[in-house]
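By letter and in written order, the chains are A, B, C, D and E; residue numbering begins at 1 in each of them.
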């Protein structure tokens, strides 16, 4: 029995290797849901969860998760059975598969493939599919409207996302996320600034702003949260889902939010490179810096959610097609021009 | 700023002497009693005449007079431009509660008349869709009638305690 | 047939431990269905606002009945609304509770005598767990109603007892 | 409903924005015929909260027993409902009311107007997705409810006014409490303006939506902020002054079409915000003029038996013109009490002003006409 | 020992495995008492009528087409972006021509108004002296004359 254990030791390490991002996402999701309610409470000068599990209700999301496990899972009679069940699988599997290429620290990356960015963008467009599937399958007018809106929104906002990611590829010259991060180590711009891409090329700041707006739309955050807008479409494409299946959608949404923030951190803010060069450089510190940058972006998303109202569908499309896309292409040309002239 | 009496003389010149009478209770404000058949073209005249310009129908309420076996409809009109008020009252026997609808003249009358039909049972002819507005469509009887008896069960749910 | 449907005869340590954990979770994350009928709905909104914050107890509004645990019947239930309330209650997913808020939904309230269109108490249509008296009840009374419901949930058991008392409504 | 189903072609969808919906401000059902997301036809369905107010008024054996039921009609502005009914009774019985009672009634009515507008504005922001202004407005509203609670004992439905006076006098620190509230509330309106009124997304979502032309508003019998939003200079406190409103000077804010065409959702919203400032001015002047002595219950008649006759009196409730038509036949119980509710009339206009808009606009239009279902269904 | 893409397959499997295990555990614990009212689709408390699956009209087709053009464009730009640093000016010139051509097509598309999504064409009720409120039917023709794409040609 022990030999069996030893010679398939690598199999265990592989399984553990694949499960690390899973634990990161689960812990992050629990903390993020509790954090969002605390931040909302702080912004609206109320307390947020307090009573559950002692100090400041830290166990609130655990209670929510455990309760959702006990909730009955209703499969409406005239919903199409297979698609209704398959939508959460596809959604979470797609967003989790994208975590394979995120370089969490210099010593850990899911799989170091050399077309990392390309693969990541391909997989996130599968999310659009699963949202439409959920909307259409539950045969409910509200979810159909939610699904159709999200079809238009996520499809259109992929173009500016990819265009801005392209500007970074122009500067970095490689698709492998690990090499992209390695290129941003050290800090010799103007002496003290860490040479992250956002400081290397002025037009990349414009690219980051466009990128941030489009990932807000990609992960259905206010002011673009039309697919499951609370006040118009009851609960959008999630109307018919209940219990653990709905929890999967919630988890996938938060995971998608983290994924796109981490992508932004890798491309623009130098992944696991610490802002002080070699001072706090090692792989463990790298992971800390990387998660800090990602969570900062997630915090800004939450902050925006509790301040701004929501756009209408046609205004949303107008922003994307008439402002973001032309701007991102012009920005692409300018970045290329700047690269050619200066280095 | 016309008084109800002046408005009545002005109308009498137009519609003939015997039709309209000014009545006054012991207390409160006077009203003009109008025969049911005349109400629509009287209202059109009240709204479009340059002297009167009653462009706002403030309130339309249905009543049931048990002793006289009659249904009443009260119109309160107001002119925003010339700032004067008038109250019209129409009384029809309970057996054939037909009153011409003024919905085409003041759009607000649409819902008020549906409510009068729902509550008191006054039928407004040429009203676009005279259906019950407050009570469910399969409700029996008109509740604001003085002799209304409440139904025991509605779709199996007891209405009493 | 999930575990929560069955009643276990032997109450060993695992079942008791699991049951208290499940009850603790259900107790601490009661999501109420966001719809109000009348004046009590304004007090429900005031309870959800900053001063009497619901969120401290982990209570957040959910607009679709599929994801809601508690249905707060806040206001007067009329005859026309009774069938809708019944359907909404049925469409909620299973471990669900009802708080009847305000004397209108408790027993018809000020409209019990001549209210021909008012349903005299929502328990004629759906089973009620906690009655919150008052017209409208103060936000503290509604919070007290929720605490009473939480006590009731901790009392629920999946172990078969001889004198199995069925759901006895509690007055807050 | 069946006839709608027959004549819609395959691409149109009939949907129920039904009694349970986050943004219908209560139990209102809107049957929408949609093409994609554009609304072809809206039919409001009301009656889910019909609580037989008029039948109750006829069964009560005393005129003053109707007052608790007038509270429950528009439960967001209960004081103004009582004020309307009490004014009608006093005109019917020709009672004149002591000065101190009039002043207290005006202060309470204006405080209630601010509280009601705060709820209307908060709910309007909530419909458009802005969650935080809703809670800021509720925090301010709680301060007003504290003042009401110390005076009348209740938070929402007060039964505070009596025919010819008040149930009881105000609590001793009434003047200082209200003065503190005035001081703290003024900067809060400016904060609300920065957060919501002049927010670019809010303007995009509300300008040029649900346009109600001036003449159509009058023909539909609109009143209050909805009529003023369409540019008609009409406020009962100024044009047809009741109680002691002619003693105070305040302007009537009117929609000017600043952000789009005249009479759109933004105009109706900004009229309510500016009206709150005017109410502050009225309260200030009323607080200075409040006479110290005078028993508030001296003019309350012991038994009310009006001879037969009828009266129609209108007062300016936060939602519009609230009218009471009372008919008496010299007995202790009223023969007929008809309440003309502004929200009932404004909801009647909804199909006309929301044809051809999107669902998101319909939610904004329902929020901008600020209806309360207790008043619509009575 | 797994190749890089093997890891990716492993990630996909663990993702769906996690969802499967979570739903399985939930299936063991949660009660399951379906009755026909509960299984009816939810429509704000009403009985739903008419079917929910209507064919959405053609604005999606236009958006899909436009998306396709840009997706293919970016696809072709990816290899260019990777090697851009080594080639320099020639790469920039080639890209500029390519992007400029598609940009002209895009500007034409914007001008023609095809991308005006679900533009609402509100019908504002009119008022005529002596007639009262008229549900202004011909409003739709007027807006059509001004901006053909604004009104959805049904």
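The rule we apply is simple: a residue touches a chain if its C-beta (ideal position, glycine included) is under 8 Å from a C-beta of that chain, and two chains touch if they have at least 3 such contacts.
What you are looking at is a predicted structure, and each value in this text was computed from that prediction instead of being measured.
Asks: If each step moves to a chain the current one touches, what is the fewest number of steps from chain B to chain D?
Replies: The fewest steps needed to get from chain B to chain D is 1.
Asks: By label order, what chains touch chain C and chain E together?
Replies: Under the touch definition, chain C and chain E have A, B, D as mutual neighbours.
Asks: Per-chain Cα mean versus the mean over all protein Cα atoms: which chain has them closest together?
Replies: D
Asks: Contact counts by the stated rule: is the higher one at C-D or B-C?
Replies: When the contacts at C-D and B-C are counted, C-D has more.
Asks: Can you compute the centre-to-centre distance for chain D and chain E, using the mean CA position of each chain? Integer Å is fine.
Replies: 41
Asks: How many angstrom lie between the CA centroids of chain A and chain E, rounded to a whole number?
Replies: Chain A and chain E have C-alpha centres separated by 19 Å.
Asks: What is the distance in Å between the mean C-alpha positions of chain A and chain D?
Replies: Inter-chain centre distance comes to 45 Å.
Asks: Measure off the straight-line distance from the CA centroid of chain B to the CA centroid of chain E, and report it in whole Å.
Replies: Here the centre of chain E sits 52 Å away from the centre of chain B.
Asks: Where in chain E do residues touch two or more other chains at once?
Replies: 27, 29-33, 38, 40, 42-46, 48, 52, 56, 118, 120, 132-133
Asks: What parts of chain D, by residue number, touch at least two of the other chains?
Replies: In chain D, residues 13, 15, 18-22, 36-37, 47, 50, 52, 55, 135, 139, 216, 219-220, 352, 358, 361 touch at least two other chains, as defined above.
Asks: For chain A, give me the residues that contact two or more of the other chains.
Replies: If we look for residues of chain A contacting two or more partner chains, we find 40, 44-46, 69-74, 141-142, 144, 148, 230, 234, 239-240, 243, 313-314.
Asks: If I apply the definition of touch given earlier, which pairs of chains qualify?
Replies: A-C, A-D, A-E, B-C, B-D, B-E, C-D, C-E, D-E
Asks: Using the touch rule from the top, collect the residues of chain B that touch chain E in their complex.
Replies: Residues 47-48, 104-107 of chain B touch chain E in their complex.
Asks: If we count contacts the way the header does, which residues on chain A are in touch with chain C in the complex?
Replies: On the chain A side, the touching residues are 37, 40-41, 44-53, 57, 59-60, 62-67, 69-74, 230, 234-235, 238-243, 246.
Asks: Quick one: which bits of chain D touch chain C in the complex? Just the residue numbers, please.
Replies: Its residues touching chain C are 18-22, 26-27, 47-52, 55-56, 59, 68-69, 72, 75-76, 119, 134-135, 138-139, 141-142, 145, 155-157, 373-374.
Asks: Hey, which residues of chain D end up touching chain A in the complex?
Replies: Residue positions touching the partner: 13, 15, 21-23, 36-37, 125-132, 135-136, 139, 195-196, 199, 201-202, 204-205, 358-361, 363.
Asks: Considering the complex alone, what residue numbers of chain E touch chain A?
Replies: 1-2, 4-8, 10-12, 14-16, 18-20, 22-23, 25-27, 29-34, 36, 38-44, 48, 51-53, 56, 60, 63-64, 66-67, 70-71, 74, 77-78, 81-86, 88-89, 91-92, 95-96, 99, 103, 106-107, 110, 115-120
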